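As written, the chain order gives the labels A, B, C, D, E and F, with residue 1 at the start of each chain.
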Amino acid sequence: MTLQPTAVPVRQFLDWPVVTNPAEWEADVAILGIPRSEPYPRDPQPNDQARAPDAIRSHSSRFCYASGNWDFDTGTDLTSVLPSRHLDLGNAAWSGGSYDEYAASVTGYVRQLWRQRAQVVLLGGDHGVTIPVLDALDALGEPVHVLQIDAHLDWREEVDGVRRGYSSPLRWASTTPAVAGMTQVGLRAVGSARRGEVDAARAYGSHLVTAERFHLEGRDAVLATIPEGRAVYLTIDADGLDPAEMPAVMAPTPGGLRFHQVAPLLRAVARRHRVVGMDLVEVAPSFDAANGVTCVTAGRLILNVLAASWGPDGGCW
Amino acid sequence: MTLQPTAVPVRQFLDWPVVTNPAEWEADVAILGIPRSEPYPRDPQPNDQARAPDAIRSHSSRFCYASGNWDFDTGTDLTSVLPSRHLDLGNAAWSGGSYDEYAASVTGYVRQLWRQRAQVVLLGGDHGVTIPVLDALDALGEPVHVLQIDAHLDWREEVDGVRRGYSSPLRWASTTPAVAGMTQVGLRAVGSARRGEVDAARAYGSHLVTAERFHLEGRDAVLATIPEGRAVYLTIDADGLDPAEMPAVMAPTPGGLRFHQVAPLLRAVARRHRVVGMDLVEVAPSFDAANGVTCVTAGRLILNVLAASWGPDGGCW
Amino acid sequence: MTLQPTAVPVRQFLDWPVVTNPAEWEADVAILGIPRSEPYPRDPQPNDQARAPDAIRSHSSRFCYASGNWDFDTGTDLTSVLPSRHLDLGNAAWSGGSYDEYAASVTGYVRQLWRQRAQVVLLGGDHGVTIPVLDALDALGEPVHVLQIDAHLDWREEVDGVRRGYSSPLRWASTTPAVAGMTQVGLRAVGSARRGEVDAARAYGSHLVTAERFHLEGRDAVLATIPEGRAVYLTIDADGLDPAEMPAVMAPTPGGLRFHQVAPLLRAVARRHRVVGMDLVEVAPSFDAANGVTCVTAGRLILNVLAASWGPDGGCW
Amino acid sequence: MTLQPTAVPVRQFLDWPVVTNPAEWEADVAILGIPRSEPYPRDPQPNDQARAPDAIRSHSSRFCYASGNWDFDTGTDLTSVLPSRHLDLGNAAWSGGSYDEYAASVTGYVRQLWRQRAQVVLLGGDHGVTIPVLDALDALGEPVHVLQIDAHLDWREEVDGVRRGYSSPLRWASTTPAVAGMTQVGLRAVGSARRGEVDAARAYGSHLVTAERFHLEGRDAVLATIPEGRAVYLTIDADGLDPAEMPAVMAPTPGGLRFHQVAPLLRAVARRHRVVGMDLVEVAPSFDAANGVTCVTAGRLILNVLAASWGPDGGCW
Amino acid sequence: MTLQPTAVPVRQFLDWPVVTNPAEWEADVAILGIPRSEPYPRDPQPNDQARAPDAIRSHSSRFCYASGNWDFDTGTDLTSVLPSRHLDLGNAAWSGGSYDEYAASVTGYVRQLWRQRAQVVLLGGDHGVTIPVLDALDALGEPVHVLQIDAHLDWREEVDGVRRGYSSPLRWASTTPAVAGMTQVGLRAVGSARRGEVDAARAYGSHLVTAERFHLEGRDAVLATIPEGRAVYLTIDADGLDPAEMPAVMAPTPGGLRFHQVAPLLRAVARRHRVVGMDLVEVAPSFDAANGVTCVTAGRLILNVLAASWGPDGGCW
Amino acid sequence: MTLQPTAVPVRQFLDWPVVTNPAEWEADVAILGIPRSEPYPRDPQPNDQARAPDAIRSHSSRFCYASGNWDFDTGTDLTSVLPSRHLDLGNAAWSGGSYDEYAASVTGYVRQLWRQRAQVVLLGGDHGVTIPVLDALDALGEPVHVLQIDAHLDWREEVDGVRRGYSSPLRWASTTPAVAGMTQVGLRAVGSARRGEVDAARAYGSHLVTAERFHLEGRDAVLATIPEGRAVYLTIDADGLDPAEMPAVMAPTPGGLRFHQVAPLLRAVARRHRVVGMDLVEVAPSFDAANGVTCVTAGRLILNVLAASWGPDGGCW
């Protein structure tokens, strides 16, 4: 399969070069927008989240005034730690054809990057965009632990006949050969999961950490679930954080995680483990407040992972 | 006094049957909207909070995707714990006549339910709606402890000659024979209370827990104020929570309680004690953000009480 | 230099008398609006923050229902602790002429007040308004410690040739003879500071407390940095608090301080030390939510300092 | 069929007495809310328009400062022209059961009123609420002309199997025996109508007046389509007016009618003809601006019809 | 009476010099903010309209990109027609004391300006601010015609005992000796006027032009009511225009006048007559949309009057 | 110059096939997004208008429920008149490199289409995007009349040294050899044009039609300025329409054109002349109201041109 060029974004992430021709991708770190996932029958059109990759990029100068300036979250400046080969690959575009083809192209893009051992940052889109990324994990040739930040379990085998929609990414992960384990943090309230899905997740061995437990026990309980030396894939649903901090989501759910809890957790993971990739999904730009705080927070989460991964004690070094 | 039918809501709470004829009420759990309280002279018309009962109900599927699905806050699913006789009784309607008559009808509705030993959930309306509910406590035939979540003391004997308005419910409780004690949690900033009201509350023996103290000491300090075995009535003013989490209130006050603190407190109370009823008041729908987070949070607070009350170790079992 | 009268505000702060003739100022506590600072070349017009002094005053009855009523944050009522000579001095007005002249007039106003040993509350404007206030510190005749609440370091020597803009107040403080030390709390993310500015601040001996460290260690770590008996000047940038609590700022930055952390810190400082003055800057009213929560929170921060300063165990007694 | 009481509204329309017991209805003018119509399968829950009856009522004092004051639109005051028997009948409530039963109750209510020769004002709800009202026209015993203000044709025989939804009211009217003709004003853009529906409307003899034609030719062209002496039923979809004037609709469509065109048209009709009833549908309160201009405009449209109908030269005299 | 200096505005109107010392006022055109009028007892604090003078000024560069640029409304550029002595006098400030004193100072300011034969532009505030301006008309020594643009009659003798509030300015004008006649344009809907007030206005000889009549007959009907050669005072209530065009008002009323109707009317008046002054009142900035269209439109109305008054065929020449 | 593929949009315009490879473009009608123009030095990043192409497309089903349904504006259905070869070409993407290269690629895309005699619809971006399109007019081999709808003249030779920014497109047109004349409709208020630019436009022979004149004289005056048989290029700045109808613009200006005036004008032009292309620029999606009325109106304007151009009496037949 020859990969088609991706769509150029309205503006680049931070000040990274934009390269949309897969043949020219040579990167140690790369960011790619994935606007769409497998649609549910009652909602065939792209949803609001499809506009998030460009919305997040457009707030670049607000979540990072200048990439050479000092970052007090990470105790360094991004320019001095980031590998020089960092690229914005634009957005995986769906211009017709079946979802199967689209998903295959996403999987192809990410496989190519992982074969280069690049760290990959994916911007959703809804949570279904994680699924074709999981399918690319085989390119790494090593087992991977999935760490999810989310209010919801996302373990539905299917909804309305669709198996790769936003209710299913963690179930899909459980059947992905390269996935060696998973930790799910921030669970709360009632979503699409029924008792059967909870039982299935437990039977699989997923480490379920409710938001309340995280509020009580903090990040060590989470860190303990990831085997030492194991590569990690992060999947962050914006509704895992509290809607007071990331209001622009479709399913605001009280009691969520706080940025000041999540950022240090992500940095700790990125220092102890090689974070092979991450996605940030479910930002719905139409619901963002006038000051764009959801997009700013999304950018800050990503920058915390990047700086921690590539700093002197980082897992990507 | 023969009770008139209540007003049918625009939609039901969750998927509960709507029954507006008091003669047909046979319930173990029942929800009733009370849009109005005794008006202050300068504000004779129904205030914004009068529209909250229908606004909260209309977000049912957002605070509970499906009542048979798993609830990570409570570790169960609502369908399996809730008694089968759960009713939405609609809204107590005021279509003319004096407030005295209206209040008497509300008291009558709740008395009838408490005589059936139903757990009653009331949706305000402003905080004055609690007063005719307190008047029905005599139907229980046992002493009750009142636990309030609120930024304000609400101990005014009267304001502008009105004794049953939103500044007075806890003062009213102090003179209600069935009330055996009270705990007031979340107090902060400056409201209608003067030094005299604070002195009166202390003289009565009300346990005053400021928001700051709750941030420091947590729920155990609150739980310790409620005698073992004592029935409890919960009254939750939305402004007791922080305005970052419940923004749609008339008096946003910083430093408030957080959902992740309040939900476990409510569940603990509902497990250790029989919660005979609760009200959720002072949501002002016109100020709710685009994503309706205040109504969603209101619904989540109620569901935490319900599931904890009726679960295997619940106080209503 | 003879000082011109200040501009009368649209309404007074709380119920304080308004006196705009400097010749008539006799005060123990005084509040003054400073709408403007030295403008950056690309933004010569007054920015949104210039409207904050009047916007904050206009919410007076929402952050303090009545000044004689009980304040649960401070455990007293303001009327009984505040000295009787409290004035609202209006707004320092810039009606043409150079910034140098305007800044000199601001310095003159504050010097006059400090010579009377008044406690001064300044309402910005952006963070550049702190600079002419620092220039007045010499009137106190004693060394002063500067305590800043802010997401940003504000240590730029200049930006676009401007040395007294909103990126420079703490650098300016470091060269102010009367400033004996400084503590900067709430630092996070990436602002205008580069590694060089961080090094300069450390070399000077500024105590840098990131937001994350404050979340972990609390207020004692901050209090320990201020020498016993030392007078204190507080400078509070609204973006030091979390944007979930003070959304109306130009640079919303996740992970910020919470009101329930900051208010007790401010009270502790105001009890242990004489707080000679404070400023509250960078509120951008156009971005405040319908319910004005940023202005309400600004008012609450100020009232916490006032009541703690002048209460029986206060530092201003 | 014995009619059940209706639901009491949160507040009454203007200062009209509320009577919800059909047995007590004796009226010359009556207003009734109809929150719901036959739901389409993909949208079983009440839609946003279901909250419009109470939202419109709650703006009563804004569209009519006092009912005895002078109305410059109509050149009189409402109190002096309105018959003394004017009632607010509350809202037709659906508390379970089938839509057939609900529709039958609505038809029953309106039939009863028309048997009393009352003028009936109905507040929707979406445009499907007109259908059970049309079914009551037989009670009048005379032919009726239907005058519609709407951007859309509403002539679908069915959509997704539903025949009484918001896309079908004018088709339904065409098969209602009592309907002797119809005029449809404000048509523009693309809705659910296909060429076949347009042909059917023309074949029936409906007078189709596009918005553009009305902008050019004004109200006389419309008035000429209604036979002299013929009773009229008005059905006003808020999206018939321009979204600049009534923004809170689900399908904002540019090029719409203006209030200053529609109000005189409605008054002219109400003077020349007996307006037996009217409905005002499709206001979606969640989309109304901060100042509630859509609800205010809805109220003004109704008051223009009422005053013109009952004034000395009115058609209801 | 010696006039106190006025309050300096946050920024100047356009690029006009700010002079707040009445002793230094030498002007051919002058603009002055009047934030407040006589308060009604139930609303003692400054209302939202009090912030309009500074809000309108702050949009200067949006309603006039540069004052030397071409203005297509007026067919000229403002710089070339405006007299060189144009001043922004700041805001008439009320810092305590009685309303009588405040009103007297406003009257004093305007009298002083009219003695210099300056054209005066007043920015309200609510419509009560017109009253002390009317009291200054005696300084002109010639009869004046008052032309009002407004949805409301404003002819109440008093409301709640207050005679100089926003419901009374045109009644006040009718008893002002210098007022020789009046025309009231844009009347519609129901305000505070009763039949008695309408009769009084007619008995006085006020030319009442409803909004509907103006839509039909246009500006000539209005122009014909003003005697040739008569000086004119304009009073423009923002709610005279349609709420689609000036949404930020307290009483949005459909059917209002359009800018493209009002601007040419104002220019025609300013060419045929000497417009001695004008006020623009009742803008409520908190309700203005994100893009500030109400303030922009207010500025455009003023600029149309200024350019037409001072252009070669203008009435002020 | 070999053209690179364009960027795939988030969703297609209406239901048109998306083809981003220029080698595969074979079209009679084609739509292309052009997010960016030559940036002014003070604003190097993409502005809000850059997101308009995808925002407008995303409202497709709201401005056209289904493309086979009846369109009352145009009296037909789009499917039956549109040529079968209609394509969405995605967005011209700028992923680095100079603006010269980017502009050249845009010119190349449009030239290729015009060589195929396709009708081209361009979605801006700000008004500078028109400039590289004008450079492609030579491909038509015939003179073209430019018809502009705009509040502003756009005749600046340069601003801050930039000659192809949003203040210059009509000046640029005046020096484009293929442009044979121009008509500018909707002019009003004060923009970047000085007297010199107005003189230059008149000297060139541009037909300047102010908004006021258009309100008075209507479309015939405009139509008369376009020579019979002459091909036409339409350039529509959203601020040409009134901000009440298209609020989401950077420079809202009262007194603008109304949709019900502009749509028939556009249809008349498209019937009498061959409209070779059109652009729709300056929509700023962040300022669009909750119901997206600006994007809906933009879509309706385009559909009116398309249906009139390709209908039986259309200029493209």
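Just so it is clear, contacts are C-beta pairs under 8 Å (C-beta built on N, C-alpha and C of every residue); 3 or more make two chains touch, one makes a residue touch a chain.
This is a predicted model, so every value here is computed, not measured.
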Set of chains whose contacts include both chain E and chain A: C, F
Shortest contact path, chain B to chain F, counted in steps: 2
Identity of the chain that, by mean CA position, is farthest from chain B: F
Homomeric contact chain A-chain C: same or different residue positions, threshold half: different
Farthest chain relative to chain A (centres taken as mean CA coordinates): E
Chain D and chain F: spacing of chain centres that average the CA atoms, whole Å: 39
Between chain A and chain F, centroid-to-centroid distance (C-alpha), Å: 38
Multi-partner residues of chain A (at least 2 other chains): 242, 244, 289-290
Touch-based graph of the chains, sorted into line, ring, star, complete or other: other
Chain pairs in mutual contact under the definition given at the outset: A-B, A-C, A-F, B-C, B-D, C-E, D-E, D-F, E-F
Chain C to chain A touching residues, read off their complex: 153, 187-195, 197-198, 210-212, 215, 242-244, 247-249, 251-255, 287, 289
In the complex, chain E residues that touch chain C: 4-5, 7-12, 17-20, 35, 45-46, 50-51, 54-55, 58, 61, 90-91, 93-96
Contact set on chain B toward chain A in their complex: 62-73, 77-78, 242, 244-245, 258-260, 263-264, 289-293, 296-297, 300, 303
